[in-house]
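Chain nomenclature is as follows: A, B and C, assigned in order of appearance, with residue numbering initiated at 1 for each chain independently.
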Amino acid sequence: MTTLSLLNTPSIKKTLPLIGLLLASLLLTACSNPQNEAVDYSQQFPVADGGTMVDAMIGEPTGLIFMVSGDSASSAITAKIFNSLLTYNGDLDLKGELAENWSISQDQKTITFTLKKNLKWADGKPLTSHDVLFTWQLITNEATRSPYASDFQLVKKAEAPTPLTFTVTYAQAYAPALDSWASLQILPEHLLKGQDIHTTVFARKPIGSHHYQLDDWQQGEHIKLSRNPLAVLGPAHIEHLVTRIIPDKSAQFLELMAGHIDSMGLDPIKYSRVIPARPALKKKLNLYKELGNSYTYLGFNLKRKPFDDVRVRKAINYAIDKQEIIDGVYLGLGINIASPYKPGTRWSNPTLTPYAYNPEKARSLLKEAGFSDSDGDGVLELNGKPFAFEIVTNQNKEREKSAVIIQRRLKEIGIEVRIRAIEWASFISRFINTGDFDVVILGWGLGLDPDQYNIWHSSQQAPGQFNFVGYHNPKVDELLEKGRTEMNPDRRMAIYHDFAKELLEDSPIVYLSAGYGLTAIHKRIQGVADPVPAAGVGYDSHRWYIPQRYRQNQISEH
Amino acid sequence: MNSNLFNKVLENPLSKAGFVIIVSIFLLAMLAPLIAPYDPNDFDVKSILLAPSWQHWMGTDGLGRDVFSRMLYGGRVSLLVGFVAVGISTAIGIILGALAGYYRGWVDTVIMRLVDVMLSIPSFFLILAVIAFLTPSIINIMVVIGLTSWMSVTRLVRAEFLSLNDREFIMASRTLGAKDARIIFSHLLPNSLTPIIVSAVLGVAGAVLMESGLSFLGLGVQPPHASWGNILTDGKEYIQFAWWLSLFPGMAILITVLGYNLLGEGLRDALDPRSEAK
Amino acid sequence: MLKYLIKRILWMVPILIGISLISFFIMHLAPGDITSNEAAFNPETSEESRQKLRELYNLDKPVIVQYGLWLKRMVKLDFGHSFKSHQKPVFLGTTDKDGNYTKGLIEQALPITLMINLLGLAITLLLAIPLGVLSARKYQQWQDKSITLFNFIGFSIPGFWLSLLLMYWLGVVNDWLPISGLHNLNYEHLDTWGKIKDTASHLVLPVLIPSITGLASITLFVKNGMLDVLHQDYITTARAKGLTEHKVVYTHALRNALLPLITIIGLSIPGLIGGSVISETIFAIDGMGKLFFDAVTSRDFPVVMGILTIGSALTLLGNLIADIAYAWADPRVRRGVARG
């Protein structure tokens, strides 16, 4: 019975104190760590290069080739490593990034990009129009499984006549083309030629041309980027960017409080209640808010009765108090919208106003549509059938809360609502793709181009396509088709203003609100634009810097 | 259970405490509509995240709902999940365990292999996969917890049956020509009832904890229904600020689970022949 | 003995097939596939490209065909590649033609989870055995009662709540322990002692919290085992022989009381391999639990199947080893097995 000899008296006596000692020593060594002294972060210092900024994300990127990864974690990293031909400036107007300039042919079908001179990849090799052509060939290649390929498949012919010119010709004028070239990250031909894009090791060891390059990727722990000295837009100030992978938001916030991460996206409660209530946090964190390019909506299944009746949709729109949702769910950190575009941008029609909260009007509209409470139970009926439906949403705190608020308001006008929150994959496959739902609460995150053909055109209703509410309006169809081929920005704007007006009038969805994106950034990080430009807080992060004085408690910079 | 056993349980201060805890929590949950000062789902956007006060004994949550009222109604849900889940697992366990222990032979082999299979799959993984597939509703959660936790009851019942099978009174009824069902239901089962009850009491505790764990992963009881698990999960984000959002549900789970464990242990002790000797 | 072993190992094959069959069908009954993730719900993406993806992964074929394909590969121990993580191998790493090694997902996650859980088990045992013995010796006295109460409180606290409270107290209010992760960011630049210290301090909470939770059942087990043994004849004999109480308890009683513990440890193996999704999520540890949870939510079928199959196989193996160890340690069983 020698196996159990470990458990004999002497061993137990010996091991127990040993464990105790180990634990005690751990606590002691931990205690002896230098405490974060109360540093005054209010001073402004001149720009200085160097330092490390740490942030966190909840999921790990699947790979660092964006055209085949497609998750938000991947794009957050690849956007720092790769350039596109075009980009948006702080006011969300297009400008050249790799391209010096671009021109559009008379017949509006051909775009010619002229690249900046002497562009280099981080490994020193020249970056030319052949890389751009290669990237286009790659994304349109049959074997490449890119969810973003459709925009580029419209290109009939692409050429690189000189190392500095790249031309694309479309079968017909395609207005969203420029936006698509602002989203396509250009990949190096010399490293990827002949590789299988889906298995290549490049996805874990990318070489790009942007401000940063990958230094080290510890699976499940962190991704470390370091400055690319050959960056085509000039070098950034901060030497290292470390992104830690911390799946739980509350753990992330603890790390932020302890000063181990420098920046984090916040929810409204943390932004407006938790941090302001804690002087120690307020002293070391700057808070930023920006209007994102997304909104939350209540969408009707237009193929189901009674939602095919515009009076019913309008009634529900009037019955929902959007300000109450903004106050209750976003603590006031959101705005009411009347068009599916970011307010303040040219595409958003400033003459439109959202449906006001007006339960009386809602009641009379429902009456007009034939509803009445004939049995006096407080619930309206149509032909003896009570007006009751289910709101389905995915597991998202804000959407769940919105649903609760809507539930009560609709009850007040005699509509019975049930709420169901479901995990994303089941939600999409079981309800959205099958069209088996009454009403959903969802959000759209939009690109910067106004084209919303995929969402609203009546041809886009097949399973898996995005007009899952089943919207069909010939007038809107026509406007969307026109908007896609109109290259003149002013005429295009007029088209989308008309489109938004028609959409608001028809009320196929109820705009609930557009919430602010909220970010906390440690005051060590200076040079952050305030107020936040339209393009977002991280838009010019290459200009951020960490003054020498604030680099204590940092990872050593060997 | 006889009153003698009951008295014996109450002699032990720990199990007495467990008993008192369970009865009080049970009463609170049952009487929720009478006690609760507010409608648990009635929100008020003007009183979001208020600290505990005379108006709101346990404060308010992120939508201005009264936490005390939600706790009372949440208690109903959490206890219901516990009872039904354990009811399901105990029922399955008794049936399979009885079949295996009574008939032995190949029936026993097949059932015990099935137990082996179920025990080899990490059970939380199984629960996760099934709930993600069934979508989390109160009923599905109860069913899934029940369907994945019957194995220990099966083993227990089987062991009891195996040991009872050879006792004289069973032999006697068999020679007297009693039917199988009669032997099982009127002789074997009543005699193995007490360990089953102990395991069920402990099982409720496990199910209440399991629900809170599933809530953490977003797979628990879904809002707007309150359960202790999802109130706690909501509160975890603001543990340093709105402490009342996590403290009360956390304590409620702790005390309830503790109560069941103490009672279960007390029962086991009381049934234990050794305690006679002392 | 050998015959018994062979029989047991052969039994594992149908059990494993049963497990894989159950897992496969549960997984494929779940609505959605790898293309129904949140990122794909983006108007800039297209249904055609998602369909292309489904065809590539054979997701458009009937489930039974997919199972056949999977089984065919599994016979060669090829668990395939993850759909999601950029074609990483599920189980063991591979080397491509240029000599770049890609680590397998399970190969990466299993050692982390095993290390944490084995440490946790060791701590649990080291605490539970003396506590259980003490409880048995002071049966029904205040020591027994306070140990029981303490253990039950540990068992009853929702783990993630306790974790967050301790993370806040030990990591934020006091700068005593790191909050999450396994290594400090400067880990690479530490000397060996620094590395050990760093890892150890990161492990304190993730290891200790589950051990506290698990303490109750093992302590009770030891206690009950001890109580049984202390009443048996040979203990009475030992006492009668005039051995000191100490010696009676620790050398004679404990050994026999601990025998059934081997079985309990065998039964805890799925937990050791599975890891805790919750604690790995909270502490940002890239282990098996987290890997599995992510794979389920993103419908990454090869990873889910790989984990369930490999996890179950390791569990069966572990149980077998536990049984052998038990047989070896207990002469009564040893003889029984040799005969059977």
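Heads up, the rule we're going with is that a residue touches a chain if its C-beta (ideal position, glycine included) is under 8 Å from a C-beta of that chain, and two chains touch if they have at least 3 such contacts.
The model shown is predicted, which means the values in this text are computed figures rather than measured ones.
Judged by the touch criterion defined above, the protein chains are all mutually in contact, each touching every other. Contact tally for A-B versus B-C: the pair with more C-beta pairs in contact is B-C. Rounded to a whole number, the gap between the C-alpha centres of subunit A and subunit C is 36 angstrom. Separating the CA-averaged centres of subunit A and subunit B is a span of 42 Å. Centre to centre, using the average C-alpha position, subunit B and subunit C are separated by 23 Å. In subunit C, the positions touching at least two other chains are 30-31, 164, 168, 172, 281, 297. Multi-chain contact residues of subunit B (touching two or more other chains) are listed as 132-133, 236, 239-240.
Across the assembly, subunit A contributes 250, 257, 423, 425-426, 430 as residues in contact with two or more other chains. On the subunit C side of its complex with subunit A, the touching residues are 30-33, 36-53, 56, 84-87, 96, 98, 100, 102-103, 108-109, 123, 126, 129-130, 164, 167-168, 170-172, 174-186, 188-189, 197, 200-201, 204, 246, 250-251, 254-255, 258, 281-286, 290, 294, 297-299, 325, 328-329. Residue ranges of subunit A in contact with subunit C, taken from their complex: 1, 3-4, 7-9, 12, 15-16, 19, 22-23, 26-27, 29-31, 33, 35-36, 52, 54, 59-60, 62-63, 65, 68-72, 145-151, 183, 198-199, 201, 203-205, 216, 218-222, 224, 242, 244-248, 250-251, 254-255, 257-258, 260, 394, 423-426, 428-430, 432-433, 444-447, 452, 454-455, 462-466, 555-556, 558. Contact residues on subunit B toward subunit C in their complex (touch as defined above): 12-14, 113, 116-117, 119-126, 128-130, 132-133, 205, 209, 212-213, 216-217, 229, 232, 236, 239-240, 246, 250, 253-258, 261-262, 265, 274-275, 277-278.
Of all residues in subunit C, those touching subunit B in their complex are 11, 14-15, 18-19, 22-23, 26-27, 29-31, 139-140, 145, 148-149, 152-153, 155-161, 164-165, 168, 172, 216, 220, 227, 231, 267, 270-271, 273-274, 276-278, 281, 289, 292-293, 296-297, 304, 307-308, 311-312, 315-316, 319.
Across the complex, subunit B is touched by residues 249-250, 253, 257, 267, 269-270, 273-274, 277-278, 324, 327-329, 331, 395, 397, 400-401, 403-405, 407-408, 419-423, 425-426, 430 of subunit A.
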